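There are two complexes below, and they share chain A, which is joined by chain B in the first and by chain C in the second.
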Partner chain A sequence: MLEIAQRQPIRWLRRSGLLVLLVVLALLPLLAARGDGDGMVNNSTLFSLTQMLMLVTLASNWNFVSGLTGYIDFGHVAFFGLGAYATGILMSKAGWPFLPTLAVGALSAGAAAVLIGRATMHLKGPYFSIAMLGTFAALREIARVARPLTGGGPGLTLPPYLNRPLFYYLALGQAVLVVALYRWVRRTEFGLMMLGIREDEPGAEMRGVNTIFVKTSAFGLAALSSGIVGGMWAYQNTFIDPDIVFLDSRTIDMAIASVLGGLGTIIGPVIGAGLLYWLRDVVWASFLQWHLIVQGLLLIGIMLVLPNGIIGLLGDRSGLDPRRIWARRRKR
Partner chain B sequence: MNRRPPCAANASPLLEGRGIGKSFGGLAALAGVDVAVYPGDVVGLIGPNGSGKTTLFNCLTRLDGLDAGRIHFKGVDITDHQPFQVARMGMSRTFQNIRVYRKLTVIENMLLSRQWRGARWPGLLRPSRPEVTERADDLLEFVTLVEQRVDLAGSLSWGQQRLLEIGMALMSDPDLILLDEATSGVNPLLVDAIRDRIMTLNTTHGKTIVLIEHNIELVADLCSRVVVLDHGEKLADGEVGAVLDDPAVSEAYFGRRGLNG
Partner chain C sequence: MTEFGQALVNAIMLGGFYALMVIGFSLIWGVMGVINLAHGEFVVVGAYLTWFMNRHVGWEPFVALVVVIPVMFALGYLVQRVLINRIIDRPPLVSLLVTYGLAILIANSLKLAFTGTPRSVTTALSGFWRVADVTIPVVKTIDLMLALAMMAALSLLLTRSRLGKAIRAAAQNRRAARMVGIEIGSVFAVTFGIGIALTGAAGTLFSLTQPIAPFVGLPLTLRAFAITTMSGLGNISGALFGSMALAAVEVFVGTYVPGVGTNLGLVATFVVLVVILITRPQGLFGGLPPAEE
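== the complex of A and B ==
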């Protein structure tokens, strides 16, 4: 009990800090709208903040499955891609308005995840990861081959729509909703079951947890949200093709953001995504030729020093140590 | 001894396995074993290392697939059930190599082991109900882990983890509890505590218990019946005294030379 009492001020600080951050984020586009174009906020800042918020959502989705149940998904961008293509196809070929396409994208990504999860979530550890990598690569090739529908390699062009604040608010709204949702789920019995699966799946199964149901439901929920991000991204980008949509480095970004912030915690991926974006900008600006090498080295260094992520540095060790991911599955 | 009298032989068994066979590669871990456990029994399952005791538990709880045989629990054929379905029917177990959720707290471990029968989607999306938490706290008292309530399970001593596992096995209010070496590696004081708890479970709460145990003294103390396995076959099955005096049993345990001089 004492422990909890001591943590009270920290919780208060965290809450008020979060509130201030949200208010600032909500007001940012207003600054841009007033015409302070060359000041702190211009359209390109808004664009890159939108991208960052999308990564916050994607990383949270990825972490919801991989960090909380321990199933490391190397192909999560597949669901982003399904959402992007749903919006792309429906808007460019069927002339649908934007918002309904998001719903279709979300549902198809969620349904695909439940079906794919049914098949792949029986696999343990690295086998699941590789199966998902394969699923993602297969979907990319399908998008390339199914030319009449997807436009194939040359891609699809969506009706252009330049409204940076709109995308910004959509991305911000989704990020806030998704993080709040995951935080709430984490505290429910369902969240406890997910952690049980991460810690000892056969043990959970033998104590009455329907593990395949829990895993696939979590997977479906995360994919649904990634599908929405995909749709927004497609419309904002006004152009999609298999290679820019099914981009493997997007999955890697989700993983890096989660691990950087604190794998298996709720706020970790949020911090991680922000840090990753900031790091990238700084490194990009200072090491134009070498930025990928420098960024890689920095990340390796951070992982070595902070296996529990930034959150671990703040004393929260409830997450998943990445070094344990594949070593932790004990034989009975 | 104030143990419950074993049920009449004509009662229908709570758990019945017939001709259970299980091989790993070319090795027959179980070669057609029959077991029956009657309501109210405390059955000891003994045998040398590698005789198939844990494999039998794994088959009975449906963790391992069977190569042969059928299993009935409460009159229902559970041979093709998933482990979680069997658990929900009221069979719970502990493990030889302790399986607690190491990075969750003791209370979370308990809450996660509740009876999930009938748990559905929307109902799962809320924190544990007060009656579940209450039950968890009562059981923590029963297994003497109240002070460790918010400690991580991985930080408990080996013996405390054993007690926690017993508590977890009780959370679902099972009718049948399978205890796999519940006292191995536990200090003598805790062994006594575990023995007391097992006894209370059977006499006061009417739980049927099967225990794998190497501590023969404990088996003689607690069990009404003993089943002996050796090399995947059932060597003996009957009253404690008679089985322990059986020369074939001591031979399996101590070897031919030990007997013949």
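== the complex of A and C ==
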């Protein structure tokens, strides 16, 4: 009881802090509109915040699969790519308006994940990771070869639409929704089943958990959300080709954000994504060609010195220590 | 018939390159349990080294092997000492993420050092023989011979030398090997060095058959993984067989299915791979460790 009583002010502080943050984020574009783009918040800040919010969503999706069920997905950007191509093809070839294409992109990414997951989620540990890496490389090749549909290597150009606040609000809305959803799911029975799969899959199976169903549903849900991000990204960028859409460093971004914040926690990827973007904008904006090199070093460094992420540093041990995953089972 | 003969010759030549490329990966995975996701990047480093010696020093690419092998050995030794030995006893996820980070690091450093422009080496051995309308390029023949010779040398090293015995002991049982006085840390470092040296040599062969760019590593890593999964860990003759099989699939798909590059063969390979892993989790010929042992 005492412990709960002591924790209450912290929870209250946390909640009000979160509320203030959300209000500030919601009001930011208004500042931009008033300042004629040269104030503290200009269009490029808004753009980069939008990118950050997209990464928050992507990292949360990645973490939902990789952190909660322990299936490390090295090809998650494949679903982002499917969403981007759905929007790109429907808008530039079929003349669809933007929003319906997001639905199509989400559904096709989700359906693809369920289909692919039905096969690959039978694989364990590193075999799954590399099968997903292969899936992603395969989809990139297909996008390159299927020229009549995807425009092949030269890519597709979408109708330009420069409305930064719109994309910002879409990205913000999605990020808030997705994080809230995952937070809720984690507390439901379904979430417990996911954790059960991570901690001891044969055990979970023996207790009657339909592991394939749980894994593929979680995978499908995360992919659906990544498909929506892909569609928004495509329209905002107004140009897509196989290389910029199926970009392996985007999967790395998701992994770094999750691991940096705290793999297997809900708020970890949010903190990680924010920090990663802040680092990118502030610290190494001046030497851009180095940024992927630094990123590689960062991933290695986190794994060596900070495996529990920032959340772990703050004393929250509810997440997943990457050193522990697959190890507990090994002991038997 | 000519078309078939040509495809067959091409497949054998490509298979030789794959075999040399894959044994380093297979050795490292088999001995240390580390799936090196930066493997393809090491091939590319070897290729760039060859190109550098060729372009700026004027050496014949095959001669550059004299430089490539020791330099790559040293690089591998260093990576193992500084990085991999620290994470070797941890579960595979850590080494996957660390080597993935390493892959990104190497690929982008190469881009910074050599730009993204594709580079090609020049060789005096650009001729070919014609046997019954089938073209057999001289370079690729030497490629194949070198690959076979290096695999034979590795096989001898592993079975006939004290070092080889220590490596095999470390692979079989780390703790027991430590107990009988084997310096595990340095055996692993030497193993990684040998693996990377062979991989760098594969890079030299690679540079002779196609242009080099910083980001061609990932498909190579994936192929190495697919072949190793099919043929089992540290299995040299199995790796040769698996490489030939994969090369045959890629070349024949490329020859007989119009409008398709060899990279789509990779797609086919992965479908086959996933099916194999699901139906036979121990690998096609056994010898693949279960993921949750």
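The definition used in the following text is that the second predicted complex is superposed on the first by the 303 of 332 C-alpha atoms of A that agree within 3 Å, B and C clash if a C-alpha of one lies under 4 Å from a C-alpha of the other, contacts with A are read in each partner's own complex, and residues count from 1 in each chain.
We adopt the following convention: a contact is a pair of C-beta atoms (placed from the backbone, for glycine too) under 8 Å apart; a residue touches a chain by one contact, two chains touch by 3 or more.
Everything quoted here is computed from the prediction, not taken from an experiment.
Peer 1: Which partner chains sit in contact with A:Arg187 here, chain B, chain C, both or neither? Use first/second/both/neither.
Peer 2: In the superposition, A:Arg187 touches chain B alone.
Peer 1: Examine A:Met206 and indicate which partner it touches, taking first as chain B and second as chain C; both and neither are also allowed.
Peer 2: A:Met206: touches chain B, not chain C.
Peer 1: Does chain C touch more residues of chain A than chain B does, or is it the other way round?
Peer 2: C
Peer 1: With the two complexes superposed on chain A, say which partner A:Leu297 touches: chain B (first), chain C (second), both, or neither.
Peer 2: Touch status of A:Leu297: second partner only.
Peer 1: Touching chain B and also chain C: which chain A residues?
Peer 2: Touching chain B and chain C on chain A: residues 330.
Peer 1: Would you pull the chain B residues touching chain A in the complex into a rising list?
Peer 2: 58, 61, 63, 82-84, 87-88, 92-93, 95, 97, 99-104, 108, 111-117, 119, 121, 124-128, 150, 168, 171-172
Peer 1: Under the stated contact criterion, what part of chain A meets chain B in this complex?
Peer 2: For chain A paired with chain B, touching residues are 3, 185, 187-190, 192-193, 195-196, 199-200, 202-211, 217, 318, 320, 330, 332.
Peer 1: Contact residues on chain A for chain C in the complex?
Peer 2: 72, 74, 119-120, 122-127, 129-131, 133-135, 137-138, 141-142, 144-145, 201, 248-249, 252, 255, 259, 289-290, 292-293, 295-300, 303-304, 307, 322-327, 329-330
Peer 1: Hey, which residues of chain C end up touching chain A in the complex?
Peer 2: Within the complex, chain C contacts chain A at residues 35, 37, 83, 86-87, 90-94, 96-98, 100-109, 111-112, 218-219, 222, 225-226, 229, 259-261, 263-264, 266-267, 269-270, 273-274, 277-278, 281, 290-293.
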